[in-house]
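You will see subunit A twice below: alongside subunit B first, and alongside subunit C after that.
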Partner chain A sequence: MLTILFDGIAYGMLLFILACGLTITLGLMNVINLAHGAFAMAGGYITVVLMNSYGVSFYWCLPIAFLAVGLAGLVLERLLYRHLYSKPHLDQVLFSVGLVFMSVAGAYYFMGGQQQMIQLPQELSGRWDLYGVGIGRYRLFIVLVCVLLTIVLQLLLTKTRFGSQLRAAVDDGRVARGLGINVSAVFALTFAVGSGLAGLGGAMGTEILGLDPNFPLKFMIYFLIVVTVGGTSSITGPFLAALLLGIADVAGKYYVPQIGAFVIYGVMVVVLLLRPHGLFSREGGR
Partner chain B sequence: MSGARSEARDRATEQLRRGNAWRLYEIALWIAAAAAIFVLPSKMLLLTEIAITALFAISLDLVLGYAGIVSLGHAAFFGLGAYAAGLFAKHVFAEPVTGLFAAAVVSGLAGFAASFLVLRGSDLTRLMTTLGIALMLAELANQLAWATGGADGLSGITIGPILGVFAFDLWGRTGYVYSLAALFILTFVARHLVNSSFGLSLRAIKANPVRAAMVAIPARNRIIVIYTVAAAYAGVAGALLTHTTSFVSPDVLAFHRSADVLLVLVIGGVGYLYGGIVGAVIFTVLRDWLSVSTPQYWMFWIGLILIAIVLIGRERIARWDSFLPASLQLGIKRLATWRPGATLRESR
Partner chain C sequence: MIARRSLIALSAGLVMSAGLGLPSWAEETFKVGLILPMTGPFASTGRQVEAGVKAYIAAHGDTVAGKKIELVVRDDAGTADQTRRIAQELIVNEKVNTLAGFGLTPLALSVAPVITQAKVPAVVMAAATSSITQASEYFIRTSGTLPQYSVPVATWAHENNITKVVTLVTDYGPGIDAETWFTKEFKAKGGEVVEAVRVPLQNPDFAPFLQRVRDAKPDAVFVFLPSGVGSLFMKQFVDRGLAEAGIKLIGTGDITDDDILNGMGKPALGTITAHFYAAAHDSPENAAFVKAFKDANKDMRPNFMAMGGYDGMHAIYAALEATKGDADGAALIKAMKGLAWTSPRGPISIDPETRDIIQNIYMREVKDVNGELQNVEFKTFKDVKDPVKSGQ
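Right, the complex of A and B next:
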């Protein structure tokens, strides 16, 4: 029972790492970026290639995946996404779905359609038995990284100069520009961080979620659910939502496997019925 | 005073009537579609696919183009109609036209129920709920293997002759005539719907919900109605697919179907019904031509087209003739929108 709870928490935390980048781009910048999963997949493939072909250590792969995908995000933002901020939501949806399709086809072309495997370091595999509660070491690692990440992000957004610049740029770009904030640069950097986080999540999720070219399509809905259920006005909302959904999903798949996949959609529909703007958002938020 | 008012009413009626009149390009399109039965006998299956895709896209246009509701899960109703028609033919009655009505009723009811979800929240919430409904249904189709055949699909459907008279032939000619007839009738109904005062009020809601509410347009009811109608349309499109292929699989509910129909509509142009038909022709022919290579790479090209459309700008594509000399543009426009019984100069 507690083992399932722990697995659920770890799964939720993983979902959060994957989705928090989306919280930033979607929630703060108001860009409906369905291609978030494609960035995550890129992180996963970078890890796979580095580990399996070049023998790079898993711990090094994580920051490399973060930086590489972040850089890719930066380039894409400057080239393409920049033009989307002022367009209607329909255009953003079309654009990002297009990007997803291209990335899926690209992954097939370069990596083939099979599931990719990675070998975790010795000290991360296996599980401890703590008073009858099975604690997977890798899952514990995920929880630790996630907690760290949440704290850093929260501080970054609320306490630093960059955070307040970003919030100002989001709330009213024109006034922010008038105050001497380089809105375009702030947005570019934020987008880069958001996609970098997706890359990191993808790198960490390879072991648990699996990795194949359909990754962006398969998990797109999960990331979006986390963000919509959590509300898009804070980091803590999606964090709690990810935990809730992770536990519900793992418990659902364990106890009622026949309807396992419905649990997460069911939770989403119920939450959106009760609170159309998400569980933890201010009234009238986006 | 009352004279001025009745004059305004007359003018409004006249405007509605004129909006409803047939244009030359519409007549030409339908003649071409009917002529294809004799001109392209070897392409019947492709043409059937076009007709079905067009109907599906028109259904999406009703909610997206006229009511402004962004949907990422329109395949939900398409798939529901497909399954309804398949199960109906298998267990109840093999005659297809009855099956179409059954599918329309099932999908329409589902659309009615779903419309209450769609009414709430912002664009993002709508995207999520529509997507969520479609995925839930896909999962349901997969799980209820005893009824739907699960991932293998529902096979062993025998479709009787249409109205008990016209049996489906081997070359798909009956299938095409059948689909085209359904498309024609439903487009005809949809034209009347969107050119009526009801359709105008939908456009008002889309353009400015606050102002629409100020002139006492009940936005809630209108959206529920149009969403239900659109769902029934999508259900008929799905049923047509079942009838012409005698097969249903969970693929009819897949995400790529929702994305494809969005693309079809956007290629053709949102908000004038015929966009769906034009888009369906372009999209299906393009896919037929490109899918010589594998499906995975076809996805790459879809993606590229989507991105190009967004970056170029949808409005700019709709004004494709803008690079022609002004006089030629005007000529094309007049000719295309000419109505029987009007002089060329008069038509808008």
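Right, the complex of A and C next:
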């Protein structure tokens, strides 16, 4: 059934937009940032407030969410995360989980516990019927944004000077510093981009996933699944993993609704049994 | 393990001694321990119930039969073991005279043994699975039960030439109650349930389930979802073109919860639901209630949970008046049985046998009323008992 396939792809792409920031911070910078969902939630709330209280167009909200959350990420990186790079992973986990709980409480305090809602522009709601395949317009929009994003990120990492600097800084910070690379600036910028992407994902996800103060906890598991299945050494890995998981989840829920909720975990288990470092990881890598 | 056992024994002992020698100050105050999910995923339930309770106290004063009503609000974050622990603590340490609240079925069920042992009444203000009031002689309920408002949907659907239905419910106690009782009634009337879809409680995307509904081509889809996710569901229902495909959306009032209905926008228009309360209910009592509620809680519209809290407080007040200030648990629960009054939602009473609420169930359609979306009532099923316990 092609409609299901399309829905699965769109859902997977949404997962990817949400999780790719985590790939960058976790995979490239080697920081376990479980507070990723909190950044995504921030993007969602920014969109809700802008649209509902100030009447800003949805299209503008997306870049604003990206930039604002990116900026917040930059500030937090300079203030807090910077000190964690040299700390053991357990410290990073504890710290970021603490941040999650703070963000949940903060969102509840300022925005209340209820579901937040936005009204998409007219042209993004509804769907087309193409030869019997139902294409949701908003879902198509998600797919397009996601494909664009993947291409840009991939090029950024592999073809630009910044990309090489980042990879050098990650692999051996001391040598990179010796070569005149400003490692701490590179890290700060990368972290900002990672958080910004989470913000963008949150802004786009509000319509389909909903938004309430528990967002970071509810979706933490999905981000982690995407990143573990995809491996953390590239952008294409999580991209394909998100596709696979999205399609498996949607198809599982459609064809075998009794066990549908567990299909995504099943897929994860199988993949990790076969390739413990993720689908596209360099064997023996981190 | 030993420490835990002795703790339980100790608390049981304290409960008993509390019944024997009451300190003198307890003569003047009457404590109500309100346990609600104030944080976590079900925070909106807690918020509404608490607001309803406070609206009642604000409107009727805090002195009843010479006693001062004192409210002790505790947050259980929606976890059953916390509810139970808090209930024990409130009874033993705070010496509350009655418990109230309970946002979800498992939370209410977890305190059943505690209240039975301590002989403290507990007023269920939100949780809606039928079986709760059977778990302890000390439960009464002022919200409603899912079978109570699922059966009328089936009756209405049959009367309106809907013959083929898919049910879509959340996969937990109340959802299964709704599915079971809708299906039972609908089949008895000659209708056909072509498919029964159960959605996991933690579900991010409704796409596959809605596609399944669409492919089954029913006349209508009967939906129960806990309030909150209803809005997401509605949007995706419209986006997927189910309405265009001629599939009607019918369900229990939880999906068009008054608290969030207005934010749903156009997709919600025309949805038919059955429930015991709508903020748009046309009566002088309700107009006064809605006004008082909005004055006390800005930006909020009362929903059915606020109503459960409001009427729950009424039950406590009325019982205390009937016992002339006697705060003994058994006397209170006896006084609550058979209470009848006109609530903002219409005439209601507490069934003396089952301690569950008997009330009108209204069929409503979502309409635009002066720029606000409202559940507008168009048909009334009078004095509906919980069908599970009335032996239907």
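Quick note on the criterion: the second predicted complex is superposed on the first by the 286 of 286 C-alpha atoms of A that agree within 3 Å, B and C clash if a C-alpha of one lies under 4 Å from a C-alpha of the other, contacts with A are read in each partner's own complex, and residues count from 1 in each chain.
Keep in mind that, in the parts below, a residue touches a chain if its C-beta (ideal position, glycine included) is under 8 Å from a C-beta of that chain, and two chains touch if they have at least 3 such contacts.
Nothing here was measured: the structure is a model prediction, and the numbers come from that model.
In the superposition on chain A, contact is made by A:D91 with subunit B only, not with subunit C. Of the two partner chains placed by the overlay, only subunit B lies in contact with A:L273; subunit C stays clear of it. Touch criterion met: A:D7 reaches subunit C, while subunit B stays clear of it. In the overlay built on the shared chain, the residue A:A261 is in contact with subunit B and with subunit C. By the touch criterion defined above, A:G178 lies against neither subunit B nor subunit C after alignment on the C-alpha atoms of chain A. Of the two partner chains, neither subunit B nor subunit C is touched by A:G55.
Touch criterion met: A:Y138 reaches subunit C, while subunit B stays clear of it.
For the contact definition in use here, the residues of subunit A common to its subunit B contact set and its subunit C contact set are 105, 108, 113, 213, 258, 261. Those residues of subunit A whose C-beta lies close enough to touch subunit C in the complex are 1, 3-4, 7, 10-11, 105, 108, 112-117, 119, 125-127, 129, 134, 136, 138, 207-210, 212-214, 218-219, 222, 249-254, 257-258, 260-261.
Subunit A makes touch with subunit B in their complex at residues 26, 32, 80, 83-84, 87, 89-91, 93-95, 97-106, 108-109, 113, 213, 217, 221, 224-225, 228, 232, 258-259, 261-262, 265-266, 268-269, 272-273, 276-277, 286.
Across the complex, subunit A is touched by residues 64, 70, 72, 117, 120-125, 127-129, 131-133, 135-136, 139-140, 143, 255-256, 259, 262-263, 266, 270, 296-300, 302-307, 309-311, 314 of subunit B. Chain contact summary for the complex, subunit C toward subunit A: residues 39-41, 43-44, 46-47, 197-198, 200, 202-205, 207-209, 211-212, 215, 228-229, 231-232, 235-236, 238-241, 259-260, 263-265.
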